[in-house]
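The following pair of complexes shares a single chain, chain A, combined with chain B in the former and chain C in the latter.
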Partner chain A sequence: MDHKVTATMPGLVARVVVNVGEKVAEGQEVAVINCMKTEISVKADKPGAVKEILVKEWDEMQVGDPMVVLEI
Partner chain B sequence: MLKIIKPGIETIVEDWPGRLGYLSKGMSASGAMDNVSLQFANLLVGNPTGEAGLEVAGGYFEAEFMENTVISICGTDMKPTINGNPIPMWEAVPVKKGDVLNLGVFGEFGFRSYVAVAGGIDVPPYLGSKSTCIFGSYGGFEGRKLAPGDVLKFGKPARALDTLAGRKLKKGVKPEFARTWELRAIPGPNTCPDYVTKEGMDYLYENEHKIQHTSNRSAYRIEPVPEYFFARADGGVGGSHPSNIVDHGYAIRGTMNVCGNTPILLIADGPTLGGYINVLHVINADLWKIGQGTPARDKFTFVYCTREQAIEERKKQRALFTEDNVTK
Partner chain C sequence: MKKVLIANRGEIVLRVIRAARELGLKTVAVYSDADENAMHVREADEAYHIGKSPPPMSYLNIANILDAVKRSGADAVHPGYGFLSENADFAKAVVESGTTWVGPSPQVLHSIESKSYCRKLGRKLGVPITPGTADNVDDVETIVRLFRELGPPLLLKLDKGGGGKGIQPICTEDQIVPVFESSKSIGKMAFGSPECYVEKRIANPRHIEVQCLGDNEGNYVALGERECSVQRKYQKVVEEGPSPVVSVEDRQKLQSWAVSILREMGYNNAGTVEFLRDENGNFYFMEVNARIQVEHPVTEMITGMDLVKTQLLIAMGERLGIRQEDVNIRGNAIELRIYAEDPFTFVPSPGTVTEIAFPRLSNGVRLDHALEPGLKVSPFYDPMLAKLIVHAADRRGAIELMKESLRAFRIEGVKTTIPLGLLIMESDAFVEGSFTTDTLAGLIEAATTR
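This part shows the complex of A and B:
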């Protein structure tokens, strides 16, 4: 089953720190959003394997925008 | 006492009006980004309205009370809960030792929420204020954002706790929250015709301006100005860019300078001087709206205002924070 990890804060994508196929644990950082000149960590809210990365550096995010698809 | 479990994106101790009187020493005033919400929150729990509370930016905050007290939460709606049960905002709510407060949701309208506790947050005042200056690393709780495990003490409540519960604002008193924030603004000292074209000032006053993601407690940036904005080809002795002037002191909280092509509202922790033109100044009564503007999402509009109107609006706003506006 697919599960989307979503942005928790508006801002720009600083980087994605996982690769397709990689297994991630619940609470593991998958991406970083830049806002308020601060790096905000976006963490997997469920364990799974990275199926698809939906964003790239400098993409603008709003709260709830999907960033990474996990196979859970 | 309150033990921080999750500090969220940025939670700090702030009071109002902050650390006044030190601009000439290069120290900004700091203070709550939304002073209106902080003052209402304090009013509801019987504190002096400028008492220190917690400024929670962006949500995802959780903390455990280590004693019985009364709290109130004002600002953006982060869907606050105690032990998982929703609690009202803009109202004094009793809490017990062991209760867990959660502000778990990013606000749909607005960006910052304020938690006031009966008696206030007991941190040592530094140069007359309990406010945190993040970039100066002074004031507040150890001069920094809160972290998991931090324990905050409370001051002595001004009234018996059982008299506070249920106090709320009268209907129509609560400020309106939005996604586009209308800021009344006086033209600054460096405007048209010497520094900015008439069309340039019209651009500021007649358009919506998206808040940039780089905005924080020091500065709120909006989109770059168009080429026709500047009246000069360069900054003369001030520098090569037409936004440059010889360094001068900036006005306290709310002034907008233009740095290169980017207009920047200098606010709580903003710089006290610099070498850029100052084109307008948001009136004191509207400073709270800047603090509720969400970076990378919300927009500002600017409405022309005179100094006399600004003074009247400030008086009207100050009159809001009284018992006349509280009910049970």
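This part shows the complex of A and C:
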């Protein structure tokens, strides 16, 4: 089943720290959002394997925008 | 000079517009998608769109800004602070396009990108620098020798680093190799240079800086100091002048050091020379901030000078109209930066400002801001919303005036650090003047666990 990890703060994508195929644990950082020059960690809310990365550096994020798809 | 383009956003653009108008200059604003309806765009005589909201696509995009310079016919560029204000490549491109750069020359900006250049200059002039290396280090043995000589903790810093990034402590000898390797890698990735140097970490430092002005003929004045020891996340929250810990003798010494450094650099326009003060009252030269700073109003209040107007006059080629002996520091000024953040956790709070109640402004109360109801506080930029500056005959009076102004100041729709400002003004550490750069964290912990 697919599960989307979404932005928890608005801002710009600073970086994605996982690769497609990688296994991630619940609570593991998958991406970082830069909100007002502060780096906010976006964590997997479920364990799974990274199926697809939907964002790239400097993409504009709103709260709830999907960032990474996990196969759970 | 007839028309100045201000390559920035928010309150500093409004500040430069005020100064430019007093000199009869036309003003040009630039803006990103997010700032289309911003106050700085409406207040300028003309405005040009320079790209999308992310800074690299607009306010940090040299080509797009140069294009706006060309389209507007501006004959000068004021860079404000932050963004490209200290970028030597940008300054060079501006100058090469035949446009006046309101700031120090591109050569000076290029030199001071290197911290070790500044450290070597300090050594040469007999201005103390923190114990450590003046040159960059390229081998582990040198760091090991210094570790044994100076004792922990040491700091490994990037030669071209900034904003507190890439500073790593070394507390034990076995940390040297991994910290050195990781610093070089961070430096290469983030700043394009792996060079680093080592210095002794100063315990409980106080941040003291000297505001200076230099014209194009080599005349300099120092305008007293500002203290900026109330910090969070390496960012300043409160600045004041004069500092409660700087004596008349200290001030003379710091001012003469600052001017000798700038003179040796061939520095022109406004600049700030930064020092740290240790617990024993020793001062160490840290770096030069080659721009107008956020906290420049503190100096304007205590000297009665208009620093931004003077910047423009210097850029026009005018000689400094003031001599050192004419500088007269009167009373005490305090500035509070108000951020759109949770006041105690510092989590950013973007959103829309719905309602504002401003404090009563007077000769002693100044507010530099671009606030208005409906303002969208964007997640893309710095969280600073406003700077509240107060001036009174003495420090106690200034603190009281700040408290009164803060109690009347209300911003709805986003969280702000106004409550933090009150907490600081009411704290014993601030009232006594014993604040160091490490004090704020403890103060917040005590307030939130109470």
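Structure notes:
In the analysis below, the second predicted complex is superposed on the first by the 72 of 72 C-alpha atoms of A that agree within 3 Å, B and C clash if a C-alpha of one lies under 4 Å from a C-alpha of the other, contacts with A are read in each partner's own complex, and residues count from 1 in each chain.
Methods note: contacts are C-beta pairs under 8 Å (C-beta built on N, C-alpha and C of every residue); 3 or more make two chains touch, one makes a residue touch a chain.
Since this is a predicted model, take the numbers as computed values, not measurements.
When both complexes are superposed on chain A, chain B and chain C occupy overlapping space and clash. Residue contacts after overlaying the shared chain place A:20 against neither chain B nor chain C.
Contact with both chain B and chain C is seen for A:9 once the two complexes are overlaid on the shared chain. When chain B and chain C are set side by side, the one touching more residues of chain A is B. In the superposed model, A:36 makes contact with both chain B and chain C.
In the superposition on chain A, A:60 contacts both chain B and chain C.
In summary, superposing the two complexes on chain A brings one listed stretch of chain B into steric overlap with chain C, and the stretch in question is 25-33; the others among 25-33, 61-69, 79-87 or 97-105 show no clashing C-alpha atoms.
According to the touch criterion, the shared surface of chain A, contacted by chain B in one complex and chain C in the other, consists of residues 9-12, 35-38, 40, 60.
Chain C meets chain A in the complex at residues 53-54, 56-57, 233, 340-341, 346-348, 350, 378-383. Chain contact summary for the complex, chain B toward chain A: residues 9-10, 57-58, 60, 106, 213-217, 294-297. Put simply, chain A touches chain B in their complex at residues 8-12, 34-38, 40, 60-63.
Remark: chain A residues 9-12, 35-38, 40, 58, 60 touch chain C in the complex.
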